[in-house]
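In this document, chain identifiers A, B, C and D correspond to the written order of the chains, with residue numbering beginning at 1 in each.
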Amino acid sequence: MALTADIDPRVLRLDFPILARVGDRPPLVYLDSAATSQKPTAVLDAMDRYYVETNANVHRGVYQLAEEATARFEAARDSVARLVDAPREGTIFTKNATEAINLVAWAWGVRNLAPGDVIMVTEMEHHSGIVPWQIVAEITGARVVFAPITSDGELELDWITHTLRTEPVRMVSVVHVSNALGTINPVAEIARRAHEYDALVLVDGSQSVPHMPVRFSELGADFLAFTGHKMLGPTGIGVLVGRPEILDGMSPFLGGGEMISDVRTDGSDWAELPWKFEAGTPPIAEAVGLGVAADYLRDIGLGAVRAHERALVSYAFGALAEIDGLRIYGPQDPDRRGAPISFSLPDLHPHDIAQLVDRERVCIRAGHHCAKPLMRTLGVSATARASGYIYNDASDIDALVHALHAARSFMGS
Amino acid sequence: MALTADIDPRVLRLDFPILARVGDRPPLVYLDSAATSQKPTAVLDAMDRYYVETNANVHRGVYQLAEEATARFEAARDSVARLVDAPREGTIFTKNATEAINLVAWAWGVRNLAPGDVIMVTEMEHHSGIVPWQIVAEITGARVVFAPITSDGELELDWITHTLRTEPVRMVSVVHVSNALGTINPVAEIARRAHEYDALVLVDGSQSVPHMPVRFSELGADFLAFTGHKMLGPTGIGVLVGRPEILDGMSPFLGGGEMISDVRTDGSDWAELPWKFEAGTPPIAEAVGLGVAADYLRDIGLGAVRAHERALVSYAFGALAEIDGLRIYGPQDPDRRGAPISFSLPDLHPHDIAQLVDRERVCIRAGHHCAKPLMRTLGVSATARASGYIYNDASDIDALVHALHAARSFMGS
Amino acid sequence: MAGLDDLYQQLILDHYRRPRHCGVLDHPTIAVDQHNPLCGDELHVTLRIDDDRVTEVAHTGDGCSISQASASMMSDAIVGHTTDEVLAMIEHFRRVMHREVAADEDQLGDAIALEGVAKYPVRIKCALLSWMALKDGLLTHMVNQQEGR
Amino acid sequence: MAGLDDLYQQLILDHYRRPRHCGVLDHPTIAVDQHNPLCGDELHVTLRIDDDRVTEVAHTGDGCSISQASASMMSDAIVGHTTDEVLAMIEHFRRVMHREVAADEDQLGDAIALEGVAKYPVRIKCALLSWMALKDGLLTHMVNQQEGR
């Protein structure tokens, strides 16, 4: 049963071999796409074709094969830039979202932060949006402050504005959609306020870019980080989008091949954007795969993806309400949240929940979701989390509910 | 015709689909493996199987699929550690060799180097072994010095010892086999000398690990960096091997998920080795592919690979001597060099050479090979470079010689 | 799935539902905290040692069935043993979890039922949590003793 | 391969073998160096400008057939033109290399033969090297002129 007019998961599922029903095993009910998404055949095929038809190192070879490899690699950059409406010279391939954030923390932070400067993150940040700043703060003497959240799991904008006004905030690093709470943060509004006080803004789009229309040109942020494997692409690749005028003024991060225009014994000059920030052989096949994933998402339409997931979350809220004592964290309004649904049961530890629903091949996550400060704020050590995507429909939620009942009766028996 | 008893490239070639003769196109004569190697079907299949059978994020999921993904990922680490006889807790996955070197430069260098400290690199270093140190030197006030080479393209060991004795050298970063000259450097001897003066030693094994037996346990170095795509593995993955006692004492580099044991608003604790240095979702499928590549190489035997390449280089030296005025750079003794053969012709620019031999589907590289300081020392702006691997035999060298003659007559016509 | 029923054996569920030695000792010889980096679970173990022998133990904290049951089983198993014996039991349990040896009931008591956890690498940390806390505590205690002399 | 013969046309080979305007001018109005980051080739261009018109040009340096031929063809094409005209020619050539427009022989002269290079992205830099050197030199010259006033 399709939840919206534009996306029919039963049809899309045919593109995902891992979700196919094989033999008499029950099909996989994959509800862990916030951790990593599954990959359509088109993405896997594009990578195989790359290796079998044109594998060569990029940017330097003059022979046909190398030209072809370079062309496919750079075309993938165009596809990714187009997806988030970013300038291609500001679209940098990294190894994951984590490296993208570290790139800014190290390349900009180590050279620009002074003792006393403030970096603002949020209590709902993923560790990848916290730890790089803590490391750089330790090196530079800057301070990291955490914007608090309300009991509903939303950011307190007044606190943010107050702190921007009263403290020397140089950088605001904020997650667009929380992987642990689902909260959609008003990042454009935060960017507007931060810019009034000359702070830079980095948006962690790891959970937004795969799931809703995100236009860098309209975000107003200076940087946007996201990761390939959560958006139908392969592992081993992520993206940092930056405003070219800011990237231009930054010194490079990783040094090595590709990112130079000249290397002398007494110093070196840098390549143009985006290559200045891409040291060494890039993830070539991975970029090709991610390019196809971006095109695949654009074909479906990110607006349609968002509508589908909103409907899926609504349905899940209804269905999960059936289960005695089940508590859902974060905003209760489906309009204010993305796909991840964190929940707990009073009588079952999240580990046991996740392990026991796996008996029915329902895959959900249990743990701190790389958001330990948030867990402390919520007063729990862990939650269970179900997160859907384009290939999930109401039947997957039904399977989860059924498996939760079964888990409870198993443990109660 | 097999050049040695143990390796028959005509048979191995069957494992490499890109090298297969398709239709009536002449087969690819791929002599650019120093830039990147081709991939056997086993590697591509393993990655596809990973995505289709067990794709899930690693290390945190309790469901079966995630357990299986984690098991395959960590088994790959064992395969890679076994290949170079390294401890698994000192075997860290990075995105490429360049990141591996930068990891040491940033994580160790930024925090440990003081103004006046000396970092020793060599004139034959790849840019990836130069630029990270230049960047870190600029940040810390340390100095980079370049060990000179003889006219035969070998390191001057006396200069190295003298400098170790007279300057505060904290780090020696040296390439094991030069990608531009082919020179095999006596890295164990250099490590021994450097350690006498308490300098750390990083060996860039990008061109040695794929081609000859390299045992970290016997090298005596503190760090060994290499890259997946040059050793039959995929792009998007590299390796840093480090002595665990040194890695243990180092602060982490990239911060984020996976590399922590606790994150608090007032600071964080790090995970155990090797995960402490692996921030964010690792290149999972890529590690699986690299593990298979490592097993494939071990099956053939790195001793056999080395013998085959030595024979190939000998054959090439003989065959290329036929060509009027052709000059080969680096050591002239095949025992003292690895697979890459850099050469020039008096009448043809390297670009034109590479482009024209591509008419016969012979793929060689032309340029500075990411070694501009070396090019300046050699007094050239670029060279042409042919580099063979396990799938190349004498017929490929013959094809190159034939194509070089044809190029010359084309341009002279 | 037979596998999972192996993980969640009756004996384990029984210790989970009715954990033995719950609580906190007053004036313990050893008090130690341990947390599971995977899920953030925290465990607090207190121990009384008289004449180099564990005479009382108590544990408290948040945790999944495996970590709770393991703490309960461990507490049962160690009471009455000398610190050296307990250290040997801990090492044996660790090796069982890493599938280096088969479990020995004489050493582990009910905790032998946890052998099946070894097939679930992520859960091994849960099972080991209380044992590693105990090891930490004992080693610190022994070092302090030595230095006290 | 027809493609490559397209790259290495007779006209290009002719300019490569017998480059026009080789050398270095004495007391030039403009002198500029440019290098190709891809292969490290270096090019030196000198220019005499009288009354805002290019009256003499010379180039020297190391380079592949494409960059050498391009420098020769460019030199031929620009002599006698005003600096504004030359800037327009450079921009036209750049756009031809990036396949944004078709080549116009009136603007490029023999350099129209380089149109085929656009199919070889790595070699585009070779073809553009002398033109970018010239552009650099001209723009610097124009800025200096303005500031001189």
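The rule is simple: a residue touches a chain if its C-beta (ideal position, glycine included) is under 8 Å from a C-beta of that chain, and two chains touch if they have at least 3 such contacts.
What you see is a predicted model, and the numbers here were worked out from it, not measured in a lab.
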When centres are defined as mean Cα positions, the distance from subunit A to subunit C in whole Å is 38
Subunit B and subunit C have mean C-alpha positions lying a whole-number Å distance apart equal to 46
Note: subunit D sits from subunit C at a C-alpha centroid distance in Å of 78
Shared-interface residues of subunit C (touching two or more other chains) are 38, 120, 123
Among all residues of subunit A, those touching at least two other chains are 60-62, 66, 260, 262, 351, 355, 358, 366-367, 372
Contact graph of the chains (line, ring, star, complete, other): other
Every chain pair meeting the touch definition is listed as A-B, A-C, A-D, B-C, B-D
Contacts from subunit A onto subunit D in the complex sit at residues 59-62, 66-67, 70-71, 260-262, 271
Per the touch rule above, subunit A residues touching subunit C in the complex are 349-352, 355-356, 358-359, 366-368, 372, 375, 381-382, 410-411
In the complex, the residues of subunit D that touch subunit A are 35, 37-38, 120-123
Within their complex, subunit C touches subunit A through residues 1, 4, 7-8, 13, 38-42, 62-66, 120, 123, 126
In their shared complex, subunit A is touched by residues of subunit B numbered 17-18, 28, 30, 32, 35-36, 38-39, 44, 47-48, 51-53, 55-57, 60-66, 94-99, 101-102, 105-106, 110-111, 123, 126-128, 130-135, 139, 144, 146, 227, 229, 234-238, 251-257, 259-260, 262-265, 267-268, 279-286, 351, 354-355, 357-358, 362-367, 370, 372-373, 376
